[in-house]
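Each structure below appears as structure tokens.
In the two complexes that follow, chain A is the common piece, with chain B as its partner first and chain C second.
== the complex of A and B ==
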């Protein structure tokens, strides 16, 4: 047994995983239409390559990545592009995002080898990163950071340990759990590919102890290999937080404002390992994912392999629909997931769950005043004082909130979860973070304005100097001419005088 | 934020609420409270009833006057808890107006003038107790020797009303007696040694609670059980009670070793004078105590020291309330300076060094 460490705080929310953990992953029928947003990742949106009316095949590039941080988007099935327009994004605001709408033809016909399958063990680290990037693989845990960039981190920093995050500490979610149970071999294969790409020494497949079947499957798939081992950690939320998993397994803390790479650790999600294996070994881009469809307000909770771009309404319908007492539909888990404005938004690469909660499950009550019980302080895994931060945020003292550690907050929600007064602490912090960004943007804008004004003044000044110089030059030239004329005249006169005297 | 649907997570919540917390504390108090009522008879029951009624009335009045929502706050259980705690720290046969004055003072001035639930700097129950102790020393130090309910020692049914509502104890000498700490204080001033004074003192009675004392704080064991229940339920943490009890125990032990004739031992201090009630139920009031574990330990040590000093060298043997109030005043300071270490930072707040050069 490996020596494990403990991170402070954390909570034990009720798991609710039993509804789906023993049911195998179902493949849903292809919806009539898919709504594939070009922005499904952190970074710049992808740029569509196809036009309305184009026939596309499964796996064909729909939009290419642009910029240093971006990811391409591929067609999840074969069909016709019927529209490229603005559709609601899977975000609480429901704001529109550029979306490629595909009318599916039901044939689900693959493009001829989108990328040629290759023996991963013969690829160089750079080639792996290129393939992963080209396949549009992003962090599948919900962060959706383009994976290829993380693979290149190994070049800048010496990575000793790769952690594969199988924490899945959010209640209800079992998509990683099922993936580990059913596709352990591919996960281990993907892990080995990542390991080679970042040239790390060892990888740990880190799984919470409430997933015994997943642990067994992974152990079997790993075999006796020394470089990849399964590490079982206690079930405690937020074990799946990158910073806290690093601490739990290695005992190291990621320095404030830094990355795991700063302490020689890289963390990838189990689902990402699976996607990497698909991309590199089989040449398949990321066009579907496993989603936990659950919650007390869902008729038939289960894990479903969903094509990217399928609407939540399609997925929910496949799972028997919502019950009458559905109060809130969440994308992701209930701790950190986001409320969906309605079901007409698509599943994207970062969608780990579609959770329909009843009012009883949400258990939101009227907010009472803070009684300073300190439950939030004890629950905070980052060592913050949520009660003081919230009080300062409420008073509008943004600087004080930052001093208290706003930027060290990972928004895990432990504080709000335990608060007996039901104070929406995370909401306060998100508000403060938003204000901070707005303020920084305003500051940046001011500086930018200042710079432009200074530039303009400088330009005007230069023009004035140039004008004056030109004028002076002209004046000097004119004078020189005059002088030359006078000189000529004088010379002529002198010559005349000389002639006369001679 | 204008859009109501922009709700941050978490979208689930632990099964807790302010009324739940208050209810748990009330449950934990009940054994000691019921024991007190049994031990000191019906007058103490009348006193408890007057306290709770006054508490609810003054809370409703305050909420109305300060224009705060009445229903959620009147139902949150906090005022019932405050009223019960005040009743438990009163002499069991105190007249009705002592309870009315104390509870209304605690609720209106101690709680609502500061801004209501969660805003008060001082523990309202201790504020009331100290105010009463200073303003009405006779009523507040008229202690009753145990006269269990329905026993032959108990006053007649009619007399119980005369005691509480008439403010007169018929045949007072038969009922009154000193508390262990008061007795110790008085006898020490008469230059008797501790061993003489405590010759017929029974630790067993103190543990059980078969002593003169405040209505609900005589039984160390029942208060302790209630406190352990609260720790088990994670309503309170062990830091404050352990720090208080350990500090006063260690201090008392050290002094009694130095001069056993003048100073009573640690057990005597921990078992008497409401030390247990204060440690588990009063000082742990979250509103007026620090919110970090390290701050709570400092707070507890402070109370332990001041409590011992006041009892031993001050003129209020039952003066633990002063210790709580003094430390309440220091709580904002403690909370300002004692903070947990932030993940990824040193104690001074600087980012931890990166292992990559």
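== the complex of A and C ==
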């Protein structure tokens, strides 16, 4: 048994996982239309390669990645591209995102030669990273950071330990749990591929102790191998946070503003390991994912393998539809997930759950004044003072909020969860972070403007000097002409005189 | 002729040196704070503050004749920066937070007169005589200097559209329902 460590704070929300943890993953029938956004990851949006009217096959490249941080998008099934336009994004604002709309033909026909399946043990680390990048694999835990970049990051920094994140500490969610139970062999295979790509010595499959079936399945899949071991950690939210998992397993604290790689640890999600295995071993791009469809307002909660681009309404309908008292639909878990404006938004690569909550589960209460009880301070897993940060954010003193450690906040929601006055603390921090970004952008724009103004003044000055020089040149030319004429005249006169005298 | 040239040259040289010397001798020390404030200001000399340009406005702020919140394009951020520079507290209660705007040309009404181009401090308007002009949105500071120059009123200010990149969480309202 490995020695484990503790991180401070955290909460124990009710799990609500029993409804789905024992039901096997269902494959959803293909909806009539898929709405595939070109931006499903952190970084630059992908650029569409197809045009309206094109027939596409399953696994065909729809949009290629552009820029250093980006990921390509592939067709989740065969069909026809009927539109490339703006459709609502799975985002609380409901704003539009560029989307490729595919009318499915029901044949679900794979592209002839996606990428040749290969023996992963014969690939070099670079080849693995290239394949993972080309398959559009991103972090499946919800952060959606392109995985290939993280693999290359491992090459630059010396990584000793790879942690596979099977914490799944959010209530209701069981998609990783089911994936571990049903596809443990592929997860272990994927882990081995990542291990080779980053050239680390060992990997730990970290699972919370409330998932005994998943632990058993992983242990069986690992076998007696020495490089990959299953580590069971206590169930405590936010165990699934990268920094906290590193601390719980290795005892090392990631420095403020740093990455796990700074302490020699890299964390990937279990779902990512599965996707990496699919991409490298079977040559299959990331075109579907397992999503927990749950919550009290859902008739038949279960885990569903959903094609990317299926709308929430299609998925919910497959699970029996919403009950009458549905009050709110969340994408992701209830602690960190985002409230969806409506159900006409698509499932994307980072969608781990679709949680429909009833009025009772939402538990709306009016915000009361802060009584300075300090519950949020005890709960904060990052060692911050949420009450002070929120007070400063409310007063608009952004610099003070940053000094109090705003940028170390992981927005886990523990403080809001325990607040007896129901103060929306995380919203204050999100507001402050947004405001901070807006200010940085404004500052940047201001500098750009100054540069443009200086350049205009320089241009005007240059034009003035040029004008003056041109005038001087014209004047000099005119004078030279005059002088030449005078000289000619004098010469002629001299000749005349000479003639006369002769 | 020669005498006139020589006398005028001598005169101008003497007077020039005298003036140059006087400007050194009687140099007015500008307040270094004014320069620091001017460095923070947008520098587009748009005149929305009521002063003839950014430098006079900076001077007025330094002398206490104008509020630190007087610059609409600078907004709250500039006011805070100036306030921290001067070490004063700011009253934001009567400051109107102006939404960032950009100028755009209605191409149907543009006659290609090129009058607006001269007025733009950042050269954000591209065009030539008898060609339809266009405003480069990223370079527009929203100073409105071009608006009055247009004889056909085809230049209008528009607010920036909110996109997924610029969308921000709003501040929680006091007394709102919390989940």
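One rule holds for everything that comes next: the second predicted complex is superposed on the first by the 454 of 502 C-alpha atoms of A that agree within 3 Å, B and C clash if a C-alpha of one lies under 4 Å from a C-alpha of the other, contacts with A are read in each partner's own complex, and residues count from 1 in each chain.
As a working rule, a contact is a pair of C-beta atoms (placed from the backbone, for glycine too) under 8 Å apart; a residue touches a chain by one contact, two chains touch by 3 or more.
Note that the structure is a prediction, hence the values are computed from the model and not measured.
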{"item": "Contacts of A:129 with chain B and chain C, given as first, second, both or neither", "value": "neither"}
{"item": "Which partner reaches more residues of chain A (counting touched residues only), chain B or chain C", "value": "B"}
{"item": "Which superposed partner A:427 touches (first chain B, second chain C, both, neither)", "value": "both"}
{"item": "Touching partner for A:439 - first (chain B), second (chain C), both, neither", "value": "second"}
{"item": "Which of chain B and chain C A:416 touches, first, second, both or neither", "value": "both"}
{"item": "Touched partner set for A:363, first chain B, second chain C, both or neither", "value": "both"}
{"item": "First, second, both or neither for A:449, with chain B first and chain C second", "value": "second"}
{"item": "Contacts of A:11 with chain B and chain C, given as first, second, both or neither", "value": "first"}
{"item": "Which superposed partner A:95 touches (first chain B, second chain C, both, neither)", "value": "second"}
{"item": "Interface residues of chain A shared between complexes with chain B and chain C", "value": "93, 328, 362-366, 416, 422, 424, 427, 430-431"}
{"item": "Touching residues (chain side chain B, partner chain A) in the complex", "value": "1, 3, 5-18, 20-21, 72, 76, 116-119, 237, 286-287, 289-293, 296, 335, 339-345, 351-356"}
{"item": "Chain B contact footprint on chain A (complex, rising order)", "value": "7-8, 11, 13, 92-94, 157-158, 171, 243-244, 247, 252-258, 261-264, 328, 330, 334-339, 341, 355, 357, 361-366, 368-375, 377-378, 380-385, 387-388, 405, 408, 411, 413, 416-418, 420-422, 424, 426-427, 430-431"}
{"item": "Chain C-facing residues of chain A, complex", "value": "39, 89, 91, 93, 95-97, 328, 362-367, 393-394, 396, 416, 422-424, 427-428, 430-431, 433-435, 437-439, 442-443, 446, 448-450, 452-453, 455-456, 459"}
{"item": "Contact set on chain C toward chain A in their complex", "value": "42-44, 74-75, 77, 92, 120-124, 138-139, 141, 162-164, 166-172, 174-179"}
